[in-house]
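What follows is subunit A paired twice: with subunit B in the first complex and subunit C in the second.
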Partner chain A sequence: MSEPDPILVVSDLNVSLASGKRMTPILREVSFALRPGEILGIVGESGSGKSLTASAIMGLLEPPVRIVSGAVAFKGRDLAALDEKAVRAIRGNEIAMVFQDPAMSLNPLLRIETQMVESIVAHDRGCSRHAARERARAALETVGVPAAAKRLRAYPHELSGGMRQRVSIAIAMLHSPAVIIADEPTTALDVTIQAQILDEMTQLCRKNGTALIWISHDLSLLSSFADRICVMYAGRVIESGPCGEVIGAPRHPYSRGLILSVPAMARAGKDIEPIPGYPPRVGMVPSGCAFRPRCHRASPACAVQPPLQTVASQQSAACFHPFDDKLQVPA
Partner chain B sequence: MTMQISATAIVKRYGSQPGPLTRLAGRLNFTVEPKLVQALNGVSIDVRPGEVLGIVGESGCGKSTLGRVLAGLESPDEGSLTYEGRTLAELDRRERKTVQLASQVIFQDPWASLNPRWRIRQIIGEAPLVHGLVERRDLARHVTAMLTQVGLTEDYLDRFPHELSGGQRQRVGIARALAVSPRTLICDESVSALDVSIQAQILRLFRRLRNDLGISLVFISHDLSVVHNLSDRIAVMYLGRIVEIGTAQQIYEAPSHPYTQALIADAPRLSTQRRSFSVIRGELPSPYAPPSGCAFHTRCPKAFERCRLDVPATIATEPGRTVACHLYEEATIPA
Partner chain C sequence: MISFLAKRIMQAVAVVLATASMVFFAVFIIGDPAQLLYSQNASAAEVEAARRYLGLDLPLYQQYFNFMGGLLHGDLGRSFVYGKPALGVILQRLPATLELAFASVVLAVVVGLPLGLYCGLNPRTIRSRLIMAVSALGVSLPTFWIGIIIMLAFAVNLRLLPTGGRGNTLTVLGVPWSFLTIDGLRHLLLPAASLALWQASLILRLTRAGTEEVLRQDYVRFARAKGIAPGRILWVHVLKNVLAPVVTMVGLSLGGTIAFSIVTESIFSWPGAGKLLIDSIYAFDRPIVVAYLMLAVTIFVLINTFVDLIYAAIDPRVTLGAADSGS
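The block that comes next holds the complex of A and B.
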C-alpha cells in the first residue's frame, strides 16, 4: 500500500524576530509533512519554537515576528504566499486550531451558541441561523458535552475547564477541517479530564480522517497516541520519526535526554538522569549544534550545524554522533 | 517513633466574604447560608522523620490546603496538629518559633515567589539573619553554602531573580528554605512549572537533600509519575478527604481505591505503543456541593447503593496501608 500524499508540507521554514536592523532567528529550517488522517506530535520545552510553528502555519504571526523564508504548502498551495483574504478562507475552515487556554479562545461576553453560529455562518453563508444552531448542538454532542442544547445557552464562565475545552474543540471541528492544530489542549486540565478529551478527540480525528498536529511538552502523553513525533530544540526540528522508534530508539542525544528525564524511566526510588545545564534563551542560541554545550557526545565537528538527515527508515536526526541502540522503555 | 508532623482529623473551611446583599439580608433578620468550601474534611496523616510523603489529587481536592496546614501557614478549624509530638499550644514563644521555622514551603511558581527587587544574597539571607540563626559577618558564607547545596555558585549572590532561568529560580527558592535549617520541606507543585529536563534536575536535587540532610519532604503534586519517583509513601486525595495511603509501590502497582486506579490508568505513561485512556467519565464535582456519601460515587465504576448514602470509614487493609472505600468493608461487598 502506498502512502497518501501529504496534505500539509512545511519546508525550510525560517522565522525571525526583527528589532531595528537586527534579525534574530527563532525558527530555523523547520520541515515536516503531515498526511491525511495522521497524528503528528511536536514536542519541545519552552522556547523550542513549537507553538510558534503552529502560529506560522496558521498565518498568525504578528510583526515584528515574520517568516523570512520557506514554505507552508497546504494541498499544494503555499499559505505563506497567499493574501490575508485567501488565508482567512482556509483558516478555521480547512485548518482549525485548538489552544491551551479555552478561556482565551472563547469570547466571555457571548453565549456558546452565538459563538458557534457565528463561526458556522462566517464560512457557510447559505446556512440559516436555525440550521446553524442545529449543527452547533450536534457538534457539541459529538465531543461529549452532555445536555448540549442547554449548554448552548451558557456563557463560557458557566462551564468547567474541561467543558470549555470541549466547546473549543467542537468549534474547531465545525467545518470538518482537513487539519487540526492543537497547542497543548489538555495541559491545563486534570488527569482524568485530559484522558477523556484525548480519547474523544483522537477517535474523532481517526474516524473523520482529520490530520492532527498535537503540540505538547509532555512526551509521555504524545507517546500514547501519536503516529509520528517531531522533537524541537532551540527553534529547530532535531529528530523526527515514527512514535515507537523515536521513543524506543531516540538517535539525537537531546531526544534521548528528554526521554530519560521522564520520571517513569527511572525505577521508583532511583535517580532520574537529567540533562545538564539549561536550554538557551532566544537570541543566545550557540552556533553550530545548539545542544552542543549540554551534550556529552559533542565534538569539534559540532561547531557546524548538523543537517536533519535520515538515520533509519523514516527516522531522521540532526546530529553528527547519533545513538544507535534501543532504550528500555517500561511497558 | 515520634512523627515529624502529625495531623489528626483536620477540618479546614473557607467561606466567601458576605456580599452587600447578604449583609443587607442579615440586617433585615433574614438568614443567608454562607457559601462554604470544605477544603479539608477530616484528614489525618503523619509525616515520618526523613521520609518523602507524596500527596496527589486533582484540582480542588485540598492537597495544597493540607500542605499549608502542615506548614503552619493556615490554622485548621478542627483537628489537632503536633510537631515532634507536641502541639503548638504546649510551647512557649521561643520554642514555637523554632518549630515553625522547622517546616518550610517551596512554592510552585518560581517567578512569583521571589522578591524581584532583591538580590539573591538578600533573598536567601533574610530569614536566617532575622531569626538570629547566623551572625551578620557569617551571612555571606552561609548564603554561599546554601547556594552550593542546591547546585549554584557564589556567582549568583548579587544577581536579581529576573537574571535567572526558571530552574535556577526554583533552586534559589530551595536554598532560601534550607537557610533556616528546616526539618521538613513542603513542596507544593514545586516542579510543575518547569520543563521536563529541568524538572528531572530538581527532582534529583530533592532526593539528594533528603539523603544528605535527613529532612522530611512532603511532596504535593497533581502528577503521579513525579510523586511516584520521589516518594516513600503516597496519600491520594479526592474532594477534601484522603481516600488511600500506602507505600509508593503499593499505590502504583496495586491501587485499592477505584479513584486511585483511575488516576493511574489515566496518567500519561511513556510507551512505544498506542494505548487507550478513560476509565472514568464525568466531571469533578464542585467542592461547594460535594456529593453525598462517598464523594467519588458519581464517577465511580464500582459504586453501589451504600456509596450514595454513607461516608466510607478509613480502614487499614495491610500494615501501614489505609483505604476509605465501602468495597473493602467486607460485610458490604455486594453479592
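The block that comes next holds the complex of A and C.
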C-alpha cells in the first residue's frame, strides 16, 4: 500500500525569541508531515510549543518571535520563504485555522455576516455581496447553525459558545482548504458541546478530504479520532507515529508518562502515575534531552540531544532508552 | 431609546437644580454684592436702596424661592453688574468659547488619534518613543504655561501669529465666528493649540494603549489567519475597538474645555464665557455665576448623552437604557 505524498511538510523548524542580540530558542527542529485528508494530533503540555507551531505554519508569528531556520513546505512551496502577500493568499484559503476560544476569536463589534463576507471576498474578489452572503449562509448551515440567515445579522455576543465556534469553523471551511489547523477548538466549550463539535468537524473534514492538525493537551480526546499523533515537549517533537501505536506502545518515557497520568487511560486497577517535576520554562531548557531531569531512565548519554529516529515501522522517538513493550490497556 | 433619553433628561434636570442650589448658597456665603457694586463713598441709604432693588434685603430662603420660582419660568435672574438677564449675557459670550473648545478638540483628535495609532502599531521604533516622550510632557505641563510659552515663541519672537483677540469675524446666524476668516483662524490657532496639547496627548496615549491591546486579541489574529489585508484589519477590526474609550475621553474633554477654558481665554484675551465667569466671581454677580454653572452642567449632560449614543452605535454589546446589560 503506497502512501499519498504529504501535502504539508514541516522540516527542522527552529523558532526563536529575539531579545537584543540574544536568541532564545522556542521551537527546535520540529518536523512532521501531513498527508491529504489525514488527522494529525499534536499533544503537549502548555508551553510545549504546540500553538506556536501552528502560528509558525500560518506565518502568524509576531516579532520578536521568528523562524530562524527550517521549512514549511505546502504543496511543494516553502511558506517560510514566501513574502507576506503570497502567504496571505494561502491563509484562510488553502490553510485555515480555528482558534481555542470562540469568545475571543470573533470581533465583538462586527456582525457575523461582515466577518464571513470579508473572508470570502479576501480570496474571491469577483464575488458579489449578495453571492457572498448566500455562501456564508450555506456555510453556516453546513456546520449545523440553525436559522442561519438570522444568525448572519447577529453579533458574536448574541450567540452561545458552541454556536460561535461553529461560526469560526464555518469561516475556516469557506474556501474548502486543503488543511485546517485547529488549536484546541473545543477546550473552552461545555463537554457535551465539545463532543458534538468534534464529531461534526472531523466528519466534515473526512467528507471534504481536508487534512486536519488538531492541537490539544488532551491525549485521551485525541486518541479517539486522530490518525497520527505528535508528542511535543519543550519545543521539540519527541515522539510521533500512528495513533494506535503511540497510545498503545509509547516509546518515549515522556509520552508514556503522559498517557499514564490520564485517569481514563491508566491501566485498570492501578493508580495514575503523575510525571514528577515541571516542564522547563522557555530559555531554561536543559541541554541534551530536555526531559532528562524528570526521567527515571536517564543516563549520562542523555546529556546529548537524542535525534528523532525510527523505533518501529512508522513510529519515531527522540530517546536513547526507548521502551519497547506495549502498555497494558484495560479491556 | 426614547426611555433612555427621557431618563437622561430627568437626571439632567435633577443635577442642574442641585447645582443651582449649591452655587446659590455658596455665592451668598462668599459676600454681599451690594458692597462691591457701589463706590466706597456711597451712603448707607443708597446701598440699602440698591439691596432692596436687587432683592438682597429679603431673608435667604425667600431669595432662594424667588430664584427657583424664576427658574421654573425660564428666568435665571438679572445680572447685578450688567442689569441684563443673566442667560442673555452668557449666551452672548458663549459662541466664542464654543468655537475655541471645538477647535481645540478637533485639533487634538486630528493630531492625537493618528499618532496614537502609529505608536501602537510600531511601539519599538525610535520615532514612536520620541512621540510618547513628548506626549508625557503634554499631559504633565500646565495648560497656562504652554499658552504663555507658545505665545512667546510664535507671537512675540517669531511674530507669525497674533497674541490675542478674535481677529476678523464673519457673522452667521447673528453670531460672529472667527474660524470663517483667515485672520480669525490665525487668532484661533494659538489658544486652540494650547488647549489641544493636553487633550491630544491624552488621546494619543489612550489610542496607543488601546491599539497595543487590541492587536494582541485573538480576533485580530483570526482576521490575519483568514487572510484579510492589513489595511482592512487596521481600519475595520482594530480602529473600531480602539475608538470606544477614545470617544468617551473626547466627550469629557470637550465638556471640560467648554466649561473651564477660563485660564486660556484670559491669556489670549479671548472674549469667551470663561473670562465672564472669572469677572462675575470677583464681582459676586450671583445670577451670572449660577446661570453659568447651570449651563455648564447642562452642556456636560448633553455631551455625555451624545457620547453614550455614539458608544452604543459603535459597540453592539452596549444597550441604551437598561442598567445591567451585556458584559
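Throughout what follows, the second predicted complex is superposed on the first by the 323 of 331 C-alpha atoms of A that agree within 3 Å, B and C clash if a C-alpha of one lies under 4 Å from a C-alpha of the other, contacts with A are read in each partner's own complex, and residues count from 1 in each chain.
The rule we apply is simple: a contact is a pair of C-beta atoms (placed from the backbone, for glycine too) under 8 Å apart; a residue touches a chain by one contact, two chains touch by 3 or more.
All values reported here derive from a predicted model rather than from experimental measurement.
Student: Pick one for A:Ile247: touches subunit B only (first), subunit C only (second), both, or neither.
Tutor: first
Student: Can A:Pro108 be said to touch subunit B (first), subunit C (second), both, or neither?
Tutor: second
Student: So, does A:Met97 touch the first partner subunit B, the second partner subunit C, both, or neither?
Tutor: second
Student: Between subunit B and subunit C, whom does A:Ser119 touch in the aligned arrangement: first, second, both, or neither?
Tutor: Touch status of A:Ser119: second partner only.
Student: Subunit B or subunit C: which reaches more residues on subunit A?
Tutor: B
Student: Let me test your reading of the model: by the given contact rule, A:Gly288 touches which partner, first (subunit B), second (subunit C), both or neither?
Tutor: A:Gly288 contacts neither subunit B nor subunit C.
Student: Let me test your reading of the model: by the given contact rule, A:Pro36 touches which partner, first (subunit B), second (subunit C), both or neither?
Tutor: neither
Student: For subunit A, what residues appear in both contact lists, the one with subunit B and the one with subunit C?
Tutor: Looking at subunit A, the two contact sets are disjoint.
Student: Which part of subunit B faces subunit A closely enough to touch in the complex?
Tutor: Counting only subunit B, the residues touching subunit A are 58-59, 165-168, 195-201, 203-204, 207, 222, 224-226, 228-230, 248-249, 252, 262-263, 265-281, 283-284, 299.
Student: Would you tell me which residues of subunit A are touching subunit B in their complex?
Tutor: 45-46, 160, 162-163, 190-196, 198-199, 217-221, 223-225, 243-244, 247-248, 257-266, 268-276, 278-279, 281, 329-331
Student: Can you tell me which positions in subunit A touch subunit C when the two form their complex?
Tutor: 55, 58, 60, 88-93, 96-97, 99-101, 104-110, 115, 118-119, 122-123, 155, 157, 168, 171
Student: Which of the residues in subunit C come into contact with subunit A in the complex?
Tutor: The touching residues are 217-219, 221-229, 232, 236-237, 240-241, 314-317, 326-327.
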